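You will see chain A twice below: alongside chain B first, and alongside chain C after that.
This part shows the complex of A and B:
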């Protein structure tokens, strides 16, 4: 897991021409390096970006994808068991998340939406921390600076502004890290995303707009959102874009690396449209069978991202029993850790609410805290330690 | 140790769900995350994965029951702490404590009898009046004023302090639907909260004073509304069926044609086929042959196998046939379809029909089987009906209703004979199909059933 040397590849020497505005993406076809059948096909422009991916690394990409699918199913079960209030499944989007997240360096910064739990895993976020918000135990899950990933943004598309702002900060610092922001097809219709792209283009900021086009904005199909390819929207902002097979982990990685190199070397922003599919419901409170044709689901099941890598490993003779056992064991262990971390998570205490607002003492807040603690104490329950009223 | 699983809030802020079925029985050993039940919420039908690995010791609710969130539904015998939470597990029932494993505001146990607002340690005179007046809602006095006076302003004057008793929005809705005045109902829930049962008991009569009951019914003579009519919430399959029928009936202009056919030759053929070795073990019925006749006739009139795509302003001509069969299931009408039915031989068609009806009756039809149909058959003959106007399955251009096969006096070789006769009713979408194609199609089906040998001239 974690960001690894895979992210260091594709440097300027080995990579193809990546000068800014080299291609707009308009009219170009979907970039694919692995067919749904698991066959590696060559691509004149993008092969170079994943040339040095070793067999072992391919196996570890496979492992990450299997593990995040397991995290997803386990969390869905935990919701059905009353342990989580809500969960947004990422089923089907594993390649988009792993392929892009594994292309990043530790000092790059991620601004995601709420479905990027696979990205969070790749960034090394503690498993229980991923669930905290969904269990209603905290207002946000983790310290963003320990993993260089902001906590999930619920407001659709708002994180793109945060990413662009952060990227402008990188420019001010003169650093060579990049900001990556994740959002969906629906978000591209939001004002925030459009504003972020205007600023990113104007300032040529090192930000990557990573759009997972999963075809459904809750119940709204993507074709109603955009009459052109989502990737082609970027051209209007003067941002180079690429449409990539989002169920192909290598293609996603290649496109992300190209974008990262462009950003690191002053080439400005890139828009990546990863064409994938949300196999599950929007959240555990949604029933997609009410608005979605089951045949569509079948079509996409045939393009499953994990089956595809598995097929490639098999063709290369790498899918050994040992690898499969190792991956299964890892997934089991992660699922166990996730469940235990969720169930044994301590409930927040009533007075905790005052701890997370200011980093320095604040007299106004101290006063409120004093009032609230005395109010809790009036129930004959010192400090409200067992108070139910304030517990949640 | 015994662990209980309480019904969680499966959506966002749901207060109850209906248990559709149990997938396990008492005594079964289940694994963690094994599906144990199917539950329908206001939002979706979902499967419940087991939160523990262990043995089922009790199922507390029957299928078909609507259960409040937070109520125990199943108990497990769990070995040690394996597979379950060691400390955060569900507490025993009735403690009135909030369950640490339940999240969402639907999780508070409503019927625990414990007031939501706790008494503070010091004297709290402010809270007193609320606590005392609420349950003792003045019942009699407002009744009299209401019963006599039309403009109902008086109750405010007579008892200015009378507060509407506490209840939840769904209960208020229920009360409104049943015509119950909540002021007259005595709440038995926590802190005098009025529950659904209180409202239902009130309507059912219960042991309330007559004056109070007078408020409940709008009519004078018969107030026991619960006995004379039953109100069932519109939901689930019934709701979907209604929506589909309304949208079909009011978007596709239906035209219906009828044809009565002497199907004696088909019935004789059916008997011969059943007796033949090639069809041994297959379940052949008139429906099988009608379906086959429809598929053969459809090749000559493909426009009946099409769809009107309003959104893209296109007519979709299907080059395959997914044949829908209307099925009455325990949960209502469903129309599962047989994929690529046009490519099936008679035996394959028979097998597919048998499987489809069995799956539908068991209520296990998958969404994939329910969508993507291109044309449908409904067999009203099994109910002894001759003809009717079938309503199109939304998105399809035609539907054929087959009537009962009856022995009737019929013209046969210029004489009147007792023949086996069936009426076919065909509805088609007149936007897609003209009278000519519809008529030819129906005539072809009739011709095949009247003389199966006609197939030779058609294929």
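This part shows the complex of A and C:
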């Protein structure tokens, strides 16, 4: 029923040599500003959105991507060493996350899935807080209001509605912020994502639908989710869309900036499909060799998002020893801080299980807490801090 | 005091909440121009505008999910689900998001969302318009669930629910919408009886009869009828379904020694089971008989010609009271 030939534009258009004929919009080819070889190519519509990106800023984007990859690698190692229960690697998606997150203002608000740990880094989330949920120390890591980013959503696509509602609130407040929601190609099959687009279009809310098409929803290829290019679906909702090379940090930034400007000025929602690739497993519990071809991985390795910025910096004569040393030192420092923050994270206390279920006292739960604390106290440890239920 | 219908009493409570707090926003299908299919929101969009009384597209999950986003932004959304049987598309957003975000964010993000649900049967409707889904929600931690039985409580408790920082499922007995009652609109919801407290609506000494929502009226009628036979029934309007005010129930059962609970929802795994188990745990030695449940059957809500067999009526409730009292009843002679 589904074949490789059937119209999944992302597969075909993502090829390393595809650098000609860029247009945005329905049915047109993907936007690329840096080729996989590191060559800056011009684009009539999107050049303008990154024209003022300075050499220094380009170096900074490079640094972000290297650091995020290092966070990802370190977290995977921590999982393998038993320090994390699970980790969802973002390897290969660094440009999609950095290019979009660095286009946001502080007062914009992000609603993401669980793989946007690179976005969380860009929003300024403390490193250890990124790991908290994966270590099992809390059901989320940070106060959303300190960084204007909701904590990771695990239910696929649910957060797109939260972003849309938040954007409706922005409209009511007469503010010019925007909401951005991140989700994957698999999520586009969910009812919530489609309903979010209906609401966003009807109310013309300032929300950006940022879809990272990383080609795989655990073991299911993107062609199982969509018979047409994902970006082309947006037209059916009356939402402008663009398909962008998700491994090209400048193209992603340009498309995101365009969408944000539209939203800030009353132009309503935009759908961005960032065509990228999940180089790693779905999570550390997954084994992609069971369902995908090694050749495909090789093809995408040739389009690596970091290599191409590095190539561009080199061509521009900006890849100095000093820059390389500075970036490496930063990545090392971040990795050390991440690891230390993870290992030294204080364990939660047994009675924390009852905290924050409600914001005001609840007679049912208060009774259960009282009974459980008496039970723990029966071991001679009133706080229950040192007893480990189930260890007897 | 003013005579008004149940529906009008809620409307007046919603109006007060809209007036008192600019962050209150109403959302739902047909609630604006039309004023709701039961006219509960009649006139509110005209007076408060389309941005505060929002006619939404027909997508319950999206109504709930966007309410979550609005709550993130500091709003107090009041969502109307048009009929009980239409709440299931929103179930995931309610259970996985609305109920859990406060816990997930360790208290950083509040979800002061009120979900208004016209529920229950007795109006001769087709499928999906007469259900009693409350137990799905009383079983979900993070939610508060209430049901109102009279216009005054409806008026006061809708304001209390909206003012509550936790999410509240607010079940309105649709077959009582047109019943009239005295409503004192000057009652301050902040000092009125908390919506978490049950209320003894008829005092008695022989048996405790617990009801909520549409069956409170039926239970009161049953108590009057029983009094003619010399049986004294104490009727308790539960009001809060999660958490249940067991202290009030316990005090009553310690006095009467007998417990009957009635609801329209099916029996197995229902609220009656929770009340029976908890009261048995709390005051076993005061019970003179096993608790009795008089409920709807474990069937999909039946077609309307049969619904009066499904819904506990006065006589079935009295039959249950007889069982609790060990008097002759329809099951006399059956073992166990």
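Quick note on the criterion: the second predicted complex is superposed on the first by the 354 of 392 C-alpha atoms of A that agree within 3 Å, B and C clash if a C-alpha of one lies under 4 Å from a C-alpha of the other, contacts with A are read in each partner's own complex, and residues count from 1 in each chain.
In this section, a residue touches a chain if its C-beta (ideal position, glycine included) is under 8 Å from a C-beta of that chain, and two chains touch if they have at least 3 such contacts.
Everything quoted here is computed from the prediction, not taken from an experiment.
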Fit-or-clash call for chain B and chain C when the two complexes are aligned on chain A: fit
Which partner chains sit in contact with A:42 here, chain B, chain C, both or neither? Use first/second/both/neither. neither
Which of chain B and chain C A:135 touches, first, second, both or neither: first
Scan A:192 for contacts with chain B and chain C and give back first, second, both or neither. second
Identify the partner contact of A:29: answer first if only chain B is touched, second if only chain C is, both if each is, neither if none is. neither
Just to confirm the geometry: in the superposition, how small does the C-alpha gap between chain B and chain C get, in angstrom? 17
Please name which positions on chain C make contact with chain A in the complex. 25, 51, 56-57, 59, 61-62, 64-75, 77, 89, 92-93, 96-97, 100, 102-110, 141-142, 144, 164-166, 196, 242-247
In the complex, chain B touches chain A at residues 5-12, 33, 43-51, 84-89, 97-104, 107, 118, 120-122, 366-368, 370-372
Of all residues in chain A, which touch chain C in the complex? 109, 111, 138-140, 143-145, 150-151, 155, 158, 160-173, 179, 191-192, 195-196, 198-199, 202, 355-360, 362-365
Of all residues in chain A, which touch chain B in the complex? 74, 77, 79-86, 135-136, 281, 283-287, 289-290, 293-295, 297-298, 343-345, 347, 378-380, 388-389, 391-392
